[in-house]
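The next part holds the structures, each set out as structure tokens.
The same chain A turns up in both complexes below, where it pairs with chain B and then with chain C.
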Partner chain A sequence: MASQKPLLSRAVKLAAAYALALVATAFFAFPVFWMAGSSVKSELDISQYPPVWSFTPTFENYAKLASELDAFDAFVNSAVIVGLATTLAMVCGTMAAYALARFDVKGKEIIAFEVLSIRMLPPIVSVIPMFIIARALGIFDTYWLLAAAYGLAGLPFVVWVMRVFIQDIPQSIEEAAMIDGCSRFQTFWRVTLPLLLPGLAATMVIVFMFAWNEFLLASMLTSQNAKTLPVIAANAIKPKAIAWGLASAAGVVMSLPVVVLVLMMQRYLVRGLTLGAVKG
Partner chain B sequence: MGIEIKNIYKRFGSLTVVNGVSVDIADGEFFVMLGPSGCGKTTTLRMVAGLETASEGQIFINGRDMTHAEPRHRDIAMAFQDYGLYPNMTVFQNIEFPLKIRKLAPAERRRKVEETAGRLGISDYLGRKPAQMSGGQRQRVSLARALVRNPKVFLMDEPLSNLDAKLRAVMRTEIKKLVTDLGITTIYVTHDQIEAMSMADRIAVMRKGDMVQVAPPLQVYDRPATCFVADFIGSPPMNLFKAELANNGRVVCQVQGFGDALDDAERERARAMADRHGHFAVGIRPEHLQCVAAGTPGSVEGIVELVEPLGQTTNIYLLSGDTKYVVVTDRTSLRAGDTIGVIAPGDKVRAVGLDR
Partner chain C sequence: MARSDTKTADKAQRAGEGRIAMLLLAPTMIVMTVVGLYPLLHSLYISLTNYNPTFGGGSSFVWFENYARAFSDPQFWNAVGLTLIFTAISVAASLVLAVALSVLFNQRHPGFVVLRTIILVPMLITPIAVGITWRVMMMPDLGVLNYLLGLIGIPPQLWASNASTALLSVILVDIWQWTPFMFLIVFAGISSLPKSPFEAAAIDGASPLRSFFSITLPMLKPVIVIATLLRIVDAFRTYDTVYIITRGGPDFSTDLVSVYLQRVNFRFFDLGYGSALSWLVLIIVLLVVLIFVRLTGFMKLVADKENR
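And then the complex of A and B:
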């Protein structure tokens, strides 16, 4: 009898934990669910109040997204620009982080701080100078401009985060590799890099998401050719009314690549996000 | 042949960590660098490995100037205190790694890995990851990885200090046997005097970036060059008594009876090593002092302060005047407060130089 009471209270605790988790999940998932739901409602169903819960799904919003807003072109633009930017930031950032973590660079704390200071500038301050520079260089409204801007914006984050991940790898592992016959680069490529994968994955997802969702620079520095998804999604806000169905469809299209990326990286992400917290 | 270190310095800014060390290490020799932390022994080793660049001086490995060569071109192997194993690879892959970098054929690699693993008794663990192994097993893997490519030179940086005392004793003899059988020139860094005494062909005792004494273990024990060496080696350490050469050639000692016990040869030595004020130390190992009845002719009177029975031996802490020292004897019935006589046999009393 005595042992039943703690068993019972443990069951209650477990149930409470699940209930709490359920509430939290519902809280965060509901807007996403609502967006996905709205994207397949007809214009009539969307304007219903109170909202309708059962309706015939339709893909007219997605069709409109493609025909009216050129979503396909924008998707390609976004993919190319963000892909370039993420690659640039990850490759350069990780190499810089490695140098700052491992080499005897003079004044490396100052360099690291200087890199971070780019982030301290509010983007809105830099947008007009960037516009003028872009015009002067003739790269306004091209992939290169946004890719460079996003790459540079992601760089400080990559440098700082990857530096910590690299410092967490015991130096003796790299020294062992060099003595085992590796050059510096081979050491990095064959020994350090595989150990950095969780950190790289976590960092990459964050850099990717930032660039993928960026609106301010994209709206100011493009006009026709290099429009990205957030810019055309904003076009769903029409002068007279907000096209909720269109906006929701755009939201879904924008979210999908991030979801896919996170799922692909999940294996590394969990370790990456908790590494540093628990060393070992 | 072997390793030749010529007057190397290592400076970090204004801090000099290695202060002009020179030593020749013979082919196949087991050379131990011993000293407290911060004495420059690990930095010296890392300069031989190429992981640290010498600020000055030269390093020759097997007759070739390797002062500025990359580690991979030095044909050395190294074992680290924290093992330095690749955590994402299995034991097999860890041991195979240096062969893979050298582009050996897979079959040849497998044969060598299995042979080396067998030699170190880790054949059953080849599929495991390092994290799934104990400290002793991990160190065996790191030794296997080092030995698999038949290096000419083996550098070991406190490889046993993360192991418990019992395992350390086992690994000590194993490592010594292994590298002696293979005839590999070895530099072994440790702060553990027992490791140094039991394994070394020669010991270099280091202090503040200098090699204070380089000699075979028993010579370091019997004839320590300076007070630092005398105090660092032996447990309990050598008893040291302040002494001075008077103008008339007489030795004035803190415990005069021990100073008088110096034989002629040691007196000569004292004259050579005393500093410009004539100061030096008289050193006697605790096990060489003999307890006799109080008042025995030629003995120094001492009061027993503490008796420490250790089973095999007994430490007796004594006070003569205001000088404390220790005698190691067999079991004894002496008690604190007893007054006894202590005799220092003339052939065991040493003149020891002061440290600069």
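And then the complex of A and C:
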């Protein structure tokens, strides 16, 4: 009798924990489920009330993405812009991170905090000067403008996260290689860089995610040629005729690469998102 | 490359190393100056003019006229107020939820890892897609949310279509999307806490609630402070979801600063005024961050972390 009671209360607690966990998961998963569902509903099914839960899935919305929204061009634009931006941020940022982690640079904390302050800058603040400068230089509505803007936005992540990853590699390994006759560059290329690969991959995913999902700058600094996926997806929403199925399909196509890539890199996600401040 | 044979060799090497360091830092500094600092300074200059490209490009210097106009612009201060309310409620609610979820999932029952991973997904969805999905779900007549509320006997709501509930509706969307971000970070913090203080407290007969408030929360403070700071900065710039769901309406009830500034700049092309407002927004963000840093002793937390 005495041992029954704690057992029962433990069972109740366990059941409560599972119930709470399932309710929370349902809350966070339901809209994603609903978006995916809406994307494969026909126009008739999507405007039913009460909402239909079982229907014959159709891929007509996905087929219309290319024909009605120019989604293919936008996908290429997004890929090129995000690719350029990520490369810019990774190359510049990792070099700076190495300097900050390994050398005695005068005022290096000030430099580090200057880089960090980019993270605080609301994009709406720099959009007007970028708009004016870009029009003066003739790079408005080109890849270069957005690539530069996203590259800048990626820098604080790369510099701060890679600095922590580099500091985690014992300096003695590098010194050993240098005593064995490697130059600093050879040491970095052959010894440090291979050890940094997981960190580089994790950081790259973060930079990729922010650039890929960005809408504010993309919508104001492009008009025809350099429109990215979020911009054309927003175009599916017009005040009167809103193509919900089409918009949902665009949402799925846009979100899928980020979801897959980030969940693959989940282990380092915390460190990346907190700019190296919290270990995952 | 033997290290420090003589003192002079050592010095020479260090001088060379210093040059390498500057070379490594140069690309980052150049990008920051050209893409970051220069546009900011240019915008400071524009904010002192009445530049408006729709009036044929000419602009004249008006000194602080735009700033004076901003201080008596009720629309702007409405937007600032709404943004502060939006940020405060959204960040506070997602923090409380994230801590609760972290405690729950720290029990580590079978299957919890999978549920935890599913909960992360909202923060990865493109904000535009989040806006589209919630707008579909919140439609007053056809939306699934009113249908689900009906199942449990709650009358249908107008959600974002009504001025009195629109702000709460977009806050709900923000909480949904960004609680996972807070949860991810707080959970990482909670799972790396040492076990011994909790065992000692249990031996001393402390209740779970007591040990949560006296041990867990204080030990989590650095992690919570960092996550909250990042979240405040991001909530303040919210644009995408609100642009899709309400565009600032109805009746300006969700007119956050980013949405208002977009209108000033790209509907009225009042770029001089828009630039002045941008600088005021920048100053407000810095003030909010500064107050937060002061209140939480953020710098001390960072310094303690470095010394550890």
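The rule we apply is simple: the second predicted complex is superposed on the first by the 229 of 280 C-alpha atoms of A that agree within 3 Å, B and C clash if a C-alpha of one lies under 4 Å from a C-alpha of the other, contacts with A are read in each partner's own complex, and residues count from 1 in each chain.
Definition applied: contacts are C-beta pairs under 8 Å (C-beta built on N, C-alpha and C of every residue); 3 or more make two chains touch, one makes a residue touch a chain.
Please read these numbers as outputs of a predicted model, since none were measured by experiment.
Asks: Spot which of chain B and chain C makes contact with more residues of chain A, would you?
Replies: C
Asks: For A:105, select first, second, both or neither according to whether it touches chain B, chain C, the two together, or no partner.
Replies: A:105: touches chain C, not chain B.
Asks: Looking at the overlay, what does A:14 touch: chain B (first), chain C (second), both, or neither?
Replies: Only chain C; A:14 stays clear of chain B.
Asks: So, does A:181 touch the first partner chain B, the second partner chain C, both, or neither?
Replies: both
Asks: Does the superposition put A:172 against chain B (first), chain C (second), both, or neither?
Replies: Only chain B; A:172 stays clear of chain C.
Asks: Mind working out whether A:195 is in touch with chain B, chain C, both or neither, as first, second, both or neither?
Replies: first
Asks: After the superposition on A, what does A:119 contact: first (chain B), second (chain C), both or neither?
Replies: second
Asks: Once the complexes are superposed, what residues of chain A are shared between the chain B interface and the chain C interface?
Replies: In chain A, positions 175, 178-179, 181-183 sit in both the chain B and chain C interfaces.
Asks: If you look only at chain B, which of its residues touch chain A in the complex?
Replies: Where chain B meets chain A, its residues are 49-51, 70-72, 76-78, 80-88, 97-98, 101-102, 142, 145.
Asks: Which residues of chain A touch chain B in the complex?
Replies: Going by the criterion above, the answer is residues 170, 172-173, 175-183, 186, 190-191, 194-195.
Asks: For chain A, which residues count as touching chain C in their complex?
Replies: These residues of chain A touch chain C: 14, 17-18, 20-22, 24-25, 27-29, 31-32, 34-35, 38, 47-51, 88, 91-93, 95-96, 98-100, 103-105, 111, 114-115, 118-133, 148-149, 151-152, 155, 159, 175, 178-179, 181-184, 209, 212-213, 215-216, 220, 229-230, 233-234, 236-237, 244, 247-248, 250-252, 254-255, 258-259, 262-263, 266, 269-270, 273-274, 277-280.
Asks: Residue numbers of chain C touching chain A in their complex, please.
Replies: 1-3, 14, 17-18, 20-22, 24-25, 27-29, 31-32, 34-36, 38-40, 42-43, 46, 51, 101, 104-105, 107, 109, 112, 115, 117-122, 124-130, 132-137, 141-142, 144, 147, 176, 179-181, 184-185, 188-189, 192, 223, 226-227, 230, 233, 236-237, 239-240, 243-244, 257-258, 261-262, 265-266, 271, 274-275, 278-279, 281-282, 285-286, 289, 302, 305
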